[in-house]
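A, B, C and D label the chains in the order they appear, each numbered from 1.
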Amino acid sequence: MDDRIVKSITRLVIPFIQLYGIFIILHGHITPGGGFSGGTLIGTSLILYTLVFGLLPSKKKFSHRMSQIAESGGIVIYVGIGLIGLFLSGQFLTNLDAGFPIGEPGELFSAGMIPLLMITIGIKVASTMVSLFHLLIEGDLDADHPGIR
Amino acid sequence: MQIIQAFVDHINFIGAVALFLIGLHTVVTKKNLIKRIMGLNIMGTSIFLFLVAIGNVTGGVPPILQQDPNVNYINPIPSVLILTGIVVVVSMTVYSLSLTIKIYEMYGTINQDELTHLIREEEIHD
Amino acid sequence: MKKHLLSLLFLIFFGILVYSIMEMPTMQNQDAPSYNEVTEYYIKNAVNDTGSVNFISAILADYRGFDTLGETIVLFTSVIAVASVLRTVKKKEGEDY
Amino acid sequence: MINQLPIINMLIFLATALIIPLLSKRTFKITLIFGFIMLLCVVTSSFFLIFHIAEHGAILYQFGGHDSKIGIEFKVDLMAAIIGLFVVGLTTIIYIYSCGDETEGVEQKEYGRYYILLFIILFAILGIIYTNDLFNAYVFMEIISITTCSIISIKRKKETYAASFRYVMLNEIGSLSYLFGVALIYMVTGYTNIDWVSQSIQSIWQLYSINIIIALGFMIVGIGIKAAIFPFHIWLPDAHASAPSSSSAILSSIIVKVYIVVLIKLLFKVFKLDILNHFHVSTILVIVAATGMIMGSIFAIAQKDIKRMLGYSSISQIGYIVMGIAMFSSLGLASAMFHIISHGLMKAALFLSVGIVIYKKKIKKKNDFEGLAYEMPITMSVFTIAALGMIGIPLTSGFMSKLTLGMASLDHRQGYLIIIVVLSGLLNVIYYLPIIISSFLKSEPNTYHPFKIEKVPWPMLTSVILLGIGILTFGIFPNLIMNMITQAAELFGLI
């Protein structure tokens, strides 16, 4: 798409969408929301970027390699947090008994491992959304014009 | 009159069931593959609506700790189950969409009837 | 003809389900059988158990955290599955799984 | 420490799936060896688990240290341990086969992904077997369905996509039906943990019987679609015929069986006999199973494509398993579990030996098997053993499972069921025996080369031989596992 207004508005809006997504992820244990909603928001902002600026610039910003790392890394961190619980307290995915700090309920830094898990889920969901969208678009391009790439 | 009252009282559940059957009907009868996928999504959504309706408490507040100790919280568990379910349905949708793209690339159609016809022709051809 | 028969079948099924909904415990208040001691436990103790003010997050990431692990794996799987269907062979080395 | 074994087994598979992409830069052999070592680790620990559980009773494992009422719980009882070992062991054998299987549709670059998906399937299977939570089972069910669909569609052929699209659709309808059932059960009980649900259901089912019956119907239909129980089998032949051979073996001998295990859990742990007898579930299941046994065989006779024929044969064999379950007695359950294992071995052997033939000879039709045994004696011998097992000839494990099933039906005062078992066996003869006879005895003069034996890659041959030995072992010494299975079946508290 080659439209100056759309492009500049998108440039303007994307940081705010992402900021809002990060806000929702980080406040998952205090306010409604959490990893899924926030991750989807961040993913949507990148999808918007793809729609406006095209596939190639977007892939430069968020390559397959990067999304692979984000996806595998998300699970690895999740399982790692679970394993901390297993070693320190004897059960997989233990929260407070494993020594995660409870903090002051209602504050940003509280609730032990929950914010960590939320961040993990957020990263994972965001990268999954984007890479699924990219994959579908690429597949569609191939289906319409075989041999374009 | 009583029947209407009963309908209004159970409208969430009836809506959920109706959506479930609409989705199932779409999946079973429609020939367009994309419409089938949409039917599956409608089915999934209907079940989420059903779960939300189970957990709902009239006049309740969202399950986030309030200062006032006398408020009625809605049941948080169905919401959690839905959050998990949504993601699952999303990934299933994406996978079936990718298959649709590939089927379109291979056969040039996304109509189930034509597809069956083409596959049968190929089998005879072998 | 077949189409109408199918529609009729669905209508009958709908009727059965609506009838059975009338018999179900559909009260939307705290007397519902699903609003039992488990829910009350969560509402009463989730803050002390997990430190999270949002009960949904507490259940999602702590009490039922294993479900959420399964769900992240569903996402991971879906990416690999879609990639295995759609990504064509011509691509650079080392960019692949 | 032994309490942690179930979760550690699962995490090993998950870790393997995550490490495989990192090994993509090196030669593929390293990945294969790495995966094999991991599988062996889990096989060993599953052995430990069985002996531990047979001695000390079921392992209960609560995630996060929460009470089973409010958290998620694993309950590894004897049946779960046995099925777990069966799944992992059989997958190891199929894995050995798949190492030698170089082309068979899957492209070189897809190998890594294929094994990632395979290990994620194993993770989810162990989860669904071990878990004691209805919703958790749903999550794993979805992982299994998405991965199985993609190990079919990973073979980039035209017909594969159409087959796996149909499989996805039916699978998703099945999962959503199951989820609807879970929602209905949650509505009246407020729990998702199986023990608590069943405890709660026992006291309230007369009050909300309509909820229970609808939930039961939706869940049985949902699992029936996934397990290809007779009227819902339409996805199975296409999917089996178009998938790569090792995927077909996994699909037919493991995935379908796992859903049967879920069905067993659902019937005998959640709903229990009172409710089931009240709604006449036994009769319905017997009818479904009997029609499946007969119709599956009849459909199989009509097929020309050999893999499709094996798929229809699977439908009829699933009928045997469901019939064993439908007797609602511990002998019937034991026969069902024995048949799960023996059919797993036999169907894997059939699919893999046919896979070798397809790999080497590129033939798919039944009629092309003439004189093949002269060129591939070992493969065709294993094929013969497994096919005889399907028919139910003594000395094979298939005979033992049919014998137990017959005994169970006599015990259940339903002796007429034996007629159906025998009839289905005879139908099996009609479609298996001609292949065996034509491959061993018939020989066209132009295809007959008495000393030209085809060279087959050793991993494929090893796995097929292992399966053949397994079938004979369980046929000659059934008590190796039968005692344990009977012990496991008695734990369900049936008559």
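Quick notes on this one:
We take it that a contact is a pair of C-beta atoms (placed from the backbone, for glycine too) under 8 Å apart; a residue touches a chain by one contact, two chains touch by 3 or more.
The structure displayed is predicted, hence computed values, not measured ones.
In terms of C-beta pairs in contact, A-C outnumbers the other of A-C and A-D. Remark: chain A and chain C have CA centroids separated by 20 Å (rounded to whole angstrom). Here the CA centre of chain A is 36 Å from the CA centre of chain D.
If each chain is reduced to the centroid of its CA atoms, chain B and chain C end up 11 Å from each other. Each chain gets a centre from the mean of its Cα atoms; for chain A and chain B, those two points are 24 Å apart.
Touching two or more other chains at once are residues 14, 21, 63-64, 135, 139, 142, 146, 149-150, 153, 161, 186-187 of chain D. Multi-chain contact residues of chain A (touching two or more other chains): 30-32, 34, 68, 72, 75, 79, 92-93, 95, 105-106, 125, 132, 135-136, 139, 142.
Multi-chain contact residues, meaning those touching two or more other chains, occur in chain C at positions 17, 24, 32, 34-35, 38-39, 42, 47, 49, 53-54, 56, 60, 62, 64-68, 70-71, 73-78, 81-83, 85-86, 97.
Taken as a contact graph, with one node per protein chain and an edge wherever two chains touch, the assembly is complete, since every chain touches every other chain. Residues 6, 9-10, 12-14, 17-18, 21, 24-25, 28-29, 53-58, 63-65, 72-73, 75-80, 83-84, 87-88, 90-92, 94-95, 98-99, 101-102 of chain B are the ones touching chain C in the complex. Residues 14, 20-21, 24-25, 63-64, 66, 69-72, 107, 109-110, 112-114, 116-117, 120, 123-124, 127, 135-136, 139-140, 142-143, 146-147, 149-150, 153-154, 161, 184, 186-191, 204, 208, 210-211, 214 of chain D are the ones that touch chain C when the two sit in their complex. Every residue of chain A that touches chain B in the complex is listed here, in rising order: 30-32, 34, 36, 105-106, 125, 132, 135-136, 139-140, 142-143, 146. For chain C in complex with chain A, the touching residues are 47, 49-54, 56-58, 60-62, 65-66, 68-69, 72-73, 75-76, 78-79, 82-83, 85-88, 90, 95, 97.
Chain C meets chain D in the complex at residues 17, 20, 23-25, 32-39, 41-42, 49, 62-67, 70-71, 73-74, 76-78, 80-81, 83-85, 89, 94, 96-97.
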